[in-house]
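These are the structures in question, set out in turn.
You will see chain A twice below: alongside chain B first, and alongside chain C after that.
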Partner chain A sequence: MSTGRDERMAELREIFFESAQELLQALNDEALKLEKEPGDAEIVRTIRRIVHTLKGDAAACGYRELSELAHDMEDVLALQTASAHTSLPQVAFTAADVFGAILTAYRRRVKVPSTEPLRKMIHAMAEYAGNVPAPKKKLAGNKTSRSKTPATRDSAGNRREESRVPARARLAAWNEYEKLAIQKALRQGKKLYHVLADIDLDCGMPIAGRQLVQVALSAIGEILAIRPEAGASQAERLVEFAVASDQTAEQIAARCQVPTVISKVTVGLIADATGAKDPNFAIPHPIATFTSESAAKLEHSPASQPLSESEDDQQPTTPSHMASLADNILRVDAERIDNVLNLVGELIIGKSMLQQTLNDFAKRFPKDHMRGKFADAMALQGRVLNDLQRSVMKIRMVPVEQLFRRFPRLIRDVGRQCGKQVELVISGQHTDLDKSILDAIAEPITHLIRNAVSHGIESAEERQRAGKSPNGTIRLQAYHQANQVVVEVRDDGQGINAERVKTRAVEQGMITAEAAAQLSESEILDLIFQPGLSTAEQITEVSGRGVGMDVVQSVLRRLKGTVEVETNPGRGTAFRLKLPLTLAIIKALLFRVEHRLYAIALSSVAEIARTIESEIHQVDNREILQLRNQVLPMVRLGRLPVGADHGSHKIFVLVITSGDKKFGLIVDQLEGEQELVIKALDDHAISTDLVSGASIMGDGRVVMILNLSAVVEHFSRSRFKSSGVLGSGMLLSHEERSPLGPIDRGAQA
Partner chain B sequence: MEQFAPVRRSKDGQPVRYLIVDDSVFARKNLARMIESFGGQVASEAGDGLTAITEYDRTSPDIVLMDITMPQMEGIEAAEKIVQQHPEARIVMVSSVGYQENIVAALQRGARHFVQKPVKPDVLYEVIKYVLGDDAAVTNAAGAGA
Partner chain C sequence: MNDPTRVLVVDDSALMRKLIPQILASDDSIKVVGTAMDGTFGLKKIAELKPQVVTLDLEMPGLSGIDTLKEIMRRYRVPVIVVSSHSTQGASITLQALGLGAFDFVAKPQDVSARMPEIATQLITKIKAAAECNGSRMKPLPEDGRRAEKPSSVSTNAPTRVVAVGISTGGPNALQYMLSQLPGDFPGSIVVVQHMPDGFTDMFARRLDESCAIKVKEARSADLLLAGRVLICPGSRHIKVKRLPLGDVVVLTDDTRVHGHRPSADVLFKSVAEEFGSRGIAVLMTGMGDDGAEGMGYVKAAGGMTIAQSEDSCVVFGMPKAAIDRGYVVRIVSLDALANTLQAHCAPERGHDQRLESGGSGGRAAGAGRV
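Coming up: the complex of A and B.
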């Protein structure tokens, strides 16, 4: 029909897809539970309820295949014997998969995939229970198609009428008890009516319909007898009542005229106080007959016209329909929020411009009384801006549970493939994380979990030999740490054998044997993130880890997060993904190197130290600084000062923690802290991975944001190659480096 | 676009207020749309029977549309509890064919009517008018209280 209607339908379908996805997730969850506690009636009920909801929703959207399949499944779940069947969890898993595939097909508007495997399973279960639902399904199908075809419906009224004619004259034979009750009512002077009600053929629930008439009648009189008797299971479409009432036949008929349920009512006066006393009454004259008016109305009601090919549930609504929905949830395109966030970013730049101007003003007119007013206004604006930023960020935040919920099924499936029993323990699932970050880490975490199950956790026999419980455990947890969110995947498997990683790395020519000998254990573990080491199955032999680990690393780097490994041979391995709360805005420390402005995330700076050049020592081919009682490796971003007095040259050292590493960055000058709005840099705008983004300062200057994990990696790599000169001059351009590079100093070492 | 003639409360000519109870968000939205096309107003929504009871107490709706199968407390029990507290409550059960016995049980416990899922707007409209009886009137599109 009109586009407005199509749009609404499309929107409704969108909601359906979303909620259906939730239902499938729940189905998976319950199936997992059922697998642990087979035959638990409560879980089976929940599963049935989920399938039922899915069925209803799908039917309302006009998705026949899905709703019918769900219907069959629901029927089977209702069978006592079937619900105790041991294969039920498997059926539920298959159902979740098949339903999921159907949904995907609907969404992409492609042909619905084969549902045969699930149908077979359902059928097998029904047979097992000695009850084949197939005919039932047919029935349901027929019913639907009947009510769906307007043509049938048009004629239905007439046909119904005809077919009921012979039955209409029917009068039940009351039993002795009922006769007594009738006689008693008559003696009391009540009027006795015979009510014959036709249940509408479109009413799918005749027994409920009958109950409704019964309720209506008992409100105006006393029901002395009903035919068919209560408890009769067959779906009788004609119901008879003997009612004692002091109302008129018309009133009674009107009362029974229940729309959508009763198509025709005939009320006859059997006898009154003055009439025949014979309880085996003659056939009464129908004195009030009402045929469903509503049925006629339905014919031209616009809504009964089929909407596309579907069972239509939509009605045109006012444009404000969404606004008045009570649960107040708004579905917004992520892009719109990003736009707002972008504008907030611009505002922050604007704020620092103002701040800058104000500083200049204060310098120029130190005694002007306007200064205080400006400062107040700035402070207020700053506060509001902060709140605004936080609020917008919050919109983007979702609990990690959204992601975590997928993993129980994954672990079960991978565990089955490997023949291992693995339990998943989840904690901190309510920790919030930026949606785009959450989406981005889905793959890495899947990877880590897969690896943990297939390689990390040993077989049951091996575990028992090692004195561990035969079932492995994987702990998945999320928590806040400073300004970051940490997602940890921890297994209690065999751990990573560092020696073998090292051997392998040397064999593959990634590092030299000498360099390898110098590596600390954590540096060795970092090798598993190298692409070279992660390709083939040798990794499985080597360490039980590594397939696609470089992917994990690269995703984390893109997110400006880090990944750390901690392993305990024989006790297990933990991967910690440290993620920024959000991608867009960081609190940064600004500094200068070679007169250029750079920034790093303030959260990664542990400490700032001042020292002079002569405090930096060369040990073992690297520059170090002794800071109180610890020895820090140094990364020199600029070039070494030259000249006789370079030893007294003042420098700043930023003590950085990145992942589990701690090191010092040698910089020339500090510029202070500031909130920076990160602007992504195109790949062709910059040729190094050491810089991950840029930002604009209040005064228009551009600042480069340093990518710490790349700096660290660069630094370690240059050591493996033992190329002589340490991380020095890392940020220099090629031209700057060659003529002036600190080669003498390096050679000296 | 076609619209049902708005049904308003007889006593004050205000829109009829509904409480929608269903564990499916989708089903709730769907019903909400229909209700609005009847000129009604969603007073509240609930996803389970327990919430339905508290929401009834809080909002005193004119009509409750109640699903049968829900977590925490099923529709029948919730309907029964609401009717016990508020005999005037008009509860319409909304469910699919497979739950006929439950609907019968709910009707015995005080629910006023039922509609079958998937809900057809015209059917629901008729049911609503029937259930409201004299307490509501169909107004013309101008919205003048009857």
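Coming up: the complex of A and C.
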């Protein structure tokens, strides 16, 4: 067991989990298709192939439960009758769920969850199949029907099967030699008895018990067969004998009484020379197994059936989406790419250090002829570095389709729960997005879709009353917009009732009535992202937007993205998640507030204006600036200047667009623009979400990257909370800013 | 010879495309030159990379494994090792693939972490053997739909002689060829050890039974040795013959592997020598390795007949050669002539062997009790 091998195994397992996830997704996709086209043999074949691959992979990794379950499922799917089975899509869905649960359990190394629901379904399908070609079955009896159902022929299946077969039926499977012996005994005029001895396993000598009965029986007749066969490692409670004897059943039973060891003996006459059964001891399984030719023949007749199945297998199966993947795809651990990306980040920092040094050099030796050469080399390096960065970023990009593929199933399930017919229209699924962002928005989008189906879309009757088509439609769309990717979830439901949201927010004490009165419609809609409001059940019922909208918001904020909501009463609601293309590197604008260095993404800066303090006016607890013909609300990050001449104090205003809002950031000083490699800050290092990360400059200085959406939200919230206090000084430390303390804590949620 | 064997892996499972090369990486004389995720890609890559051996999954989207195999056999004649799954359909389709000219098959690797060495050895030896056979001797079986006429009733007769066959790589086709030439009233009883993983032999026996006049079934313990019947030993069990008061039977055991094999032809041959002595016939046919060679020595020593398949008719001339080299083989017979040879040796009028005669010079096991 070298470590190399362990590593390889770990790697294989990773591949397994990843490809298994894909297989399950494919399984869901096919099941959805099958639901639309019930009985399509082609889809059933594809499903079977998916299950087949999963089985093989699981077996290779030694995951027995999964591979055996998949095996059973595959076998049932191979039955001729499988495609006709109406509940097949449901079985496939259940399979995807159960397999998924097992996978999760494997991954977390916890106990594998119950697979009973799926097993039951598989079993039902096998039964169903067994019932269709009925005529042969009756004659064939237990044994033959067993070999005809592939689902029960594997080792695992067999074990289960046997445990279901009543104990006494086991003797039906005479082997050839035993048949010979029985025939001979009957020819000699002996009677054939079935003796079932129930051995008390607590007696301390269960194996001896078997022997005792054996000895007793040998004394009065000839034992032709024993089940379980000799050599079984475990003591068995029930031991069966086939005994040829000329004594009566009562005599035999009496002989076998061994107090305390044998708790019960049942003796039945199987046959005598005339082939007649003793009516009092009739044994359910037929004696036909050895008296008639039929059994022997039937044993082989099923051969034709599996063969014809195999011919089906030759037919080409439809190429699934997996075929469209090129073969040269490498699966790489995301961590490795992140490592490369980190190094690229360091290189960029190195580049700015070099640039800095070069600038210093140029200042000191303005005439030196080396300057030009340095500059050329720097330019080349810069270009290469840009390409390198872009290439690495591209590695991290994956089409949003990876995520979108999950949703048809979700909509189907939620739709069923709510009794609504909802269609999903997906577009722009080939838009690329950073993998980590894609992973992060899975939950918010799931949530939005769930809400849209359960609350946004009205019931069919309501829709018809409103003159809409009874089936709801949800559009899931992804597209590029400027430097961002927008993922939009749009439903054609009833929309959000803004008035109710407002009333509710006031009732809940989130805003004061007068603050509420001043809110614009979009500001009201923003309230739904407030954690307090979202848990209010009544609102959920009325407006349809409820539990967990704050989660959507907080995820988006973490990603440096924004979420916008647009609603149209009676016509529907759209949520737009605006996401950065990537998390790791931004082009940033650097500025100073209170002598500290900050940065924001350059893409969000619409304009930079210079002005003086006296141009800033205070209206209704907020500072505004009239810029040309626009009135901009101001966000003051530092403190209000004091002193007599503060009115002439020069300031910069960064005009920011965040979502559909525009506002101005008041900053003290501009430092220029630069590419920044974002380093995450862990929660211990910083206690506010106003800062989303940090970066290191070429000269070693640390710069904080502002989280704009948090800033905006803070700013607007501080207005509801504390009228009379200006929303300023957000970026000050606790001591400097004590009156505004509570705001920050609120934002931590 | 110094150049490594070039292998192409065709499998739709990403895991397998990783795992199989990893397994093969343990042997320097094998080099995986590429992988392909379906048949169409596979064919393209064969043309491009010119592998010497292809491992092929049979269950793939698009061009199915069987169709891919047909194309490979038609256009490239590269030896193909089928990587086959453990299911009823898997067995059936695998045997079909062998009928179409696949060199051999291995079961899909299972529980790799625990059984790596075993899996690796098997796959590597098969690939090497495949590379050496250079494809010239593999021919697809003629696809005639001829269904053999079965005798109307199952014989209950004791056989004249007991024929024990040991066979491995190339076996399914050779065996089918030989057995299909035997009549339904063949007077001997045949027991076959075909090296084949668990789960395939049942289907194999069914297929043979379909295409042969002689009856074929997978052996179960205590099955009788009957004239005109072939018993195929199930995968991963040993098979022995045993004489009992009411009739002769086969016994299946789970004893340890013999020289890495279970079933092992050595085990079968030895028991045939012990139980049937001069009434025993041991036949070694195409296959890798030397299983059965030692056992043949016992059969010969006990006065039985020993036959080896000739080199020119073997896909792999390993097991017959091992027995020939040891001097245990009485007759070397080509595949075409094997059926006739067996009939001649089993014919009841031939000399002293009479039906139901319970003689036999071999040392019989004492106390023939119940099984």
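Keep in mind that, in the parts below, the second predicted complex is superposed on the first by the 410 of 749 C-alpha atoms of A that agree within 3 Å, B and C clash if a C-alpha of one lies under 4 Å from a C-alpha of the other, contacts with A are read in each partner's own complex, and residues count from 1 in each chain.
By our rule, a contact is a pair of C-beta atoms (placed from the backbone, for glycine too) under 8 Å apart; a residue touches a chain by one contact, two chains touch by 3 or more.
If you're wondering where the values come from, they're calculated on a predicted model, not measured in any experiment.
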After lining up the shared chain so the two structures overlap, which partner does A:R49 touch, if you call chain B first and chain C second: first, second, both or neither? both
Give one of first, second, both or neither to describe whether A:V215 is in contact with chain B, with chain C, with both, or with none. first
Quick check for you: in the superposed arrangement, does A:D57 touch first (chain B), second (chain C), both or neither? both
Examine A:M9 and indicate which partner it touches, taking first as chain B and second as chain C; both and neither are also allowed. second
So, does A:E178 touch the first partner chain B, the second partner chain C, both, or neither? second
Let me test your reading of the model: by the given contact rule, A:S19 touches which partner, first (chain B), second (chain C), both or neither? both
Dual-contact residues of chain A (chain B, chain C) 5, 8, 12, 15-16, 19, 46, 49, 52-53, 55-57, 59-60, 71, 74-75, 78, 297, 303-304, 313-318, 320, 325, 327
Per the touch rule, the chain A residues reaching chain B in their complex are 2, 4-5, 8, 12, 15-16, 19-20, 23, 46, 48-49, 52-53, 55-57, 59-60, 71, 74-75, 78, 140, 143, 203-205, 207-208, 211-212, 215, 258-260, 294, 297-298, 301-304, 311-318, 320-321, 324-327
Could you pull out which chain B residues touch chain A in their complex? 1-4, 20, 23-30, 32-34, 36-37, 41-45, 69-71, 96-98, 100-101, 103-104, 107-108, 112-123, 126-127, 129-130
Considering the complex alone, what residue numbers of chain A touch chain C? 5, 8-9, 11-12, 15-16, 18-19, 46, 49, 52-53, 55-57, 59-62, 64, 67, 71, 74-75, 78, 150, 153-154, 175-178, 180-181, 184, 223, 293, 296-297, 300, 303-304, 306-307, 309-310, 313-320, 322-323, 325, 327, 331
What does chain C use to touch chain A in their complex? 12-16, 18-19, 22, 35-38, 41, 58-64, 66-67, 85-89, 92-93, 96, 108-114, 116, 153-154, 199, 203, 206-207, 209-210, 217, 220-224, 244, 246-247, 249, 370-371
